[in-house]
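In structure tokens below, several structures.
You will see subunit A twice below: alongside subunit B first, and alongside subunit C after that.
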Partner chain A sequence: MSRQANRGTESKKMSSELFTLTYGALVTQLCKDYENDEDVNKQLDKMGYNIGVRLIEDFLARSNVGKCHDFRETADVIAKVAFKMYLGITPSITNWSPAGDEFSLILENNPLVDFVELPDNHSSLIYSNLLCGVLRGALEMVQMAVEAKFVQDTLKGDGVTEIRMRFIRRIEDNLPVGEE
Partner chain B sequence: MVDAVLFELLHTEMVAELWAPDSDLDPGPGVSAGRGGRGQRTSLQVLEGVGFRVGQALGERLPREMLAFREELDVLKFLCKDLWGAVFQKQMDSLRTNHQGTYILQDSSFPLLVHVGSGLQYLEEAPKFLAFTCGLLRGTLSTLGIKSLVSASVAALPACKFQVVIERS
Partner chain C sequence: MTVHNLYLFDRNGVCLHYSEWHRKKQAGIPKEEEFKLMYGMLFSIRSFVSKMSPLDMKDGFLAFQTSRYKLHYYETPTGIKVVMNTDLGVGPIRDVLHHIYSALYVELVVKNPLCPLGQTVQSELFRSRLDSYIRSLPFFSARAG
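Up next, the complex of A and B:
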């Protein structure tokens, strides 16, 4: 019986590690393909965007959350539902701007960077930049144009990982917005 | 725990990103920007290589108790049940062998092909969606001490066969 239980948890762990290991191998390959970190960052953002526009459908189908009425609700849903569902973590929400159009997501630990160390010659690499693209792409599909960027990163020696989210504008019509 | 759907979406993006037409086989001065690190390798080899590294790393993380294999066939069964279960949330549909080091693993509905199409349409596209997984199998086997060649074939999407040929020294 216990062997079965072990297999179950082992399977989940393998499944989880599969993503982070694949992501790491992808970043490594991109660093070989592109000459500088800035280009890799851009590719990660673009790939994340493409993932985000599809992920939102999966999210809406599985989470049963209704339409968000303001950016605060959106922040809650992102941190407490989406991050939990997909990455198994619940970032905290802090540092709201007075206008309520900017906030920070604080990740105590970032599953993407398990087993990862940045080599010295890649100090400008934003390793987890895929996440910013995912957030941007997903929110665009629900009519919100946002900017997401890393302002702290444990990979770079910071104590926590912080993503700053900024609301730009509501997208009024349903015409597809072009990718960068 | 990372949700399984993320891997599938990442894989799709990875294929789109790492795929370049075979014109990049010629590493002349006009090599397209963004493919500088490839040398002579084709896109399929690049994707397979990424899968191989992931397979190796996955294999290294398995607890030793899980790997008490008595023989080669047990290893292949492990791939069909446990690895496939962890990666694709299902088991391989069948495993055949000639008992001389060649194994055919059959999946009647390979998850990474399901969204590509069904039947004979897009048959040409299939290899790029299989390369990573071939490498994954080869990499996991490598960590388990087995050198192999892994290839995949598709007669009609989304069914496919993986062929594992064990290299005997």
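Up next, the complex of A and C:
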């Protein structure tokens, strides 16, 4: 059984509705499985993390971006290259902290939440929390420990969706233990 | 002109894959130790090269050569390292090593949820695709040159 010929760097087009509905089905099922919103948020973050650690390799393979020299460069690459490549949107970068270790990504529209309305009994659900996990997982693989969290969400009535990114520390390369 | 062997390491020094095509002399130590030796040497060379560079570093360590073979090196920002030993007739092959990373490792291993990361690649598909790719390279000849 042979796999299809390598597509190289072309991107396969697929229906964005299918993507949105699939994500919605995933969140709905998690809500049924875990009865409270906090646990669902944690699961979404964990799933996002597992996606992120692999997605970064695909990103590097396709985008030919080299190592970023500082957090500002990282922010640019995330917003202008990565988000564009995977979600087809380009968030804007704002609200840099004076120390340059925190910034916000402002998403005018979020493809994950097309057609979605949060019911009243799920007011503390962070619907798109998968994205935070993906960002955390991907950046950890390029040696940055970061925290990503939603501070505004159109699903909760805010005008835009805002993800706050905070740089925690650099993760150093470790030589494997036990060099004889 | 030929390819002798190929190593693939991850960011923690785990040898993800090793293949050889033309290797007339073994290292004389068990494979596990050989991988550790290779990884440790690469780690030290990279840091040496960047410390001692008289100019700003661009790509860092690329290759070294001896009177009999040349070792080519490619590393991604995620710490995946592709190391290929060829004979001396082979020029810079960064694009080949990048292809091994992007079209083989990423496509067949990273994107396969059943392939765990951080350990030796078990995928037979990966092994055979890699083998065909190496054999198809213009500088690979079936007879050791």
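Throughout what follows, the second predicted complex is superposed on the first by the 159 of 180 C-alpha atoms of A that agree within 3 Å, B and C clash if a C-alpha of one lies under 4 Å from a C-alpha of the other, contacts with A are read in each partner's own complex, and residues count from 1 in each chain.
Here is the rule we use: contacts are C-beta pairs under 8 Å (C-beta built on N, C-alpha and C of every residue); 3 or more make two chains touch, one makes a residue touch a chain.
Please read these numbers as outputs of a predicted model, since none were measured by experiment.
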item: Partner chain in contact with A:R54 - subunit B first, subunit C second, else both or neither; value: both
item: Subunit B versus subunit C as contact partner of A:K32, first or second or both or neither; value: first
item: Partner, of subunit C and subunit B, that touches more residues belonging to subunit A; value: B
item: Touched partner set for A:D173, first subunit B, second subunit C, both or neither; value: second
item: Partner chain(s) touched by A:M141 [first = subunit B, second = subunit C, both, neither]; value: second
item: First (subunit B), second (subunit C), both or neither touched by A:A82; value: neither
item: Which superposed partner A:K67 touches (first subunit B, second subunit C, both, neither); value: second
item: Subunit C-contacting residues of subunit A that also contact subunit B; value: 6, 54, 58
item: In the complex, subunit C residues that touch subunit A; value: 11-14, 33, 36, 39-40, 43, 76-80, 101-103, 105-107, 110-111, 117, 125
item: Residue numbers on subunit A that touch subunit C, as the complex places them; value: 3, 6, 8, 53-54, 56-58, 60-62, 65-68, 141-143, 173-176, 179-180
item: Contact footprint of subunit A on subunit B as seen in their complex; value: 1-7, 9-11, 13-14, 16-18, 34-38, 46, 49-50, 53-54, 57-58, 61-63, 65-66, 82-83, 85-87, 89, 132
item: Touch list for subunit A against partner subunit B, complex; value: 6-7, 10-23, 25-26, 28-35, 39, 43, 47, 50-51, 54-55, 58, 85-88, 111, 115, 130
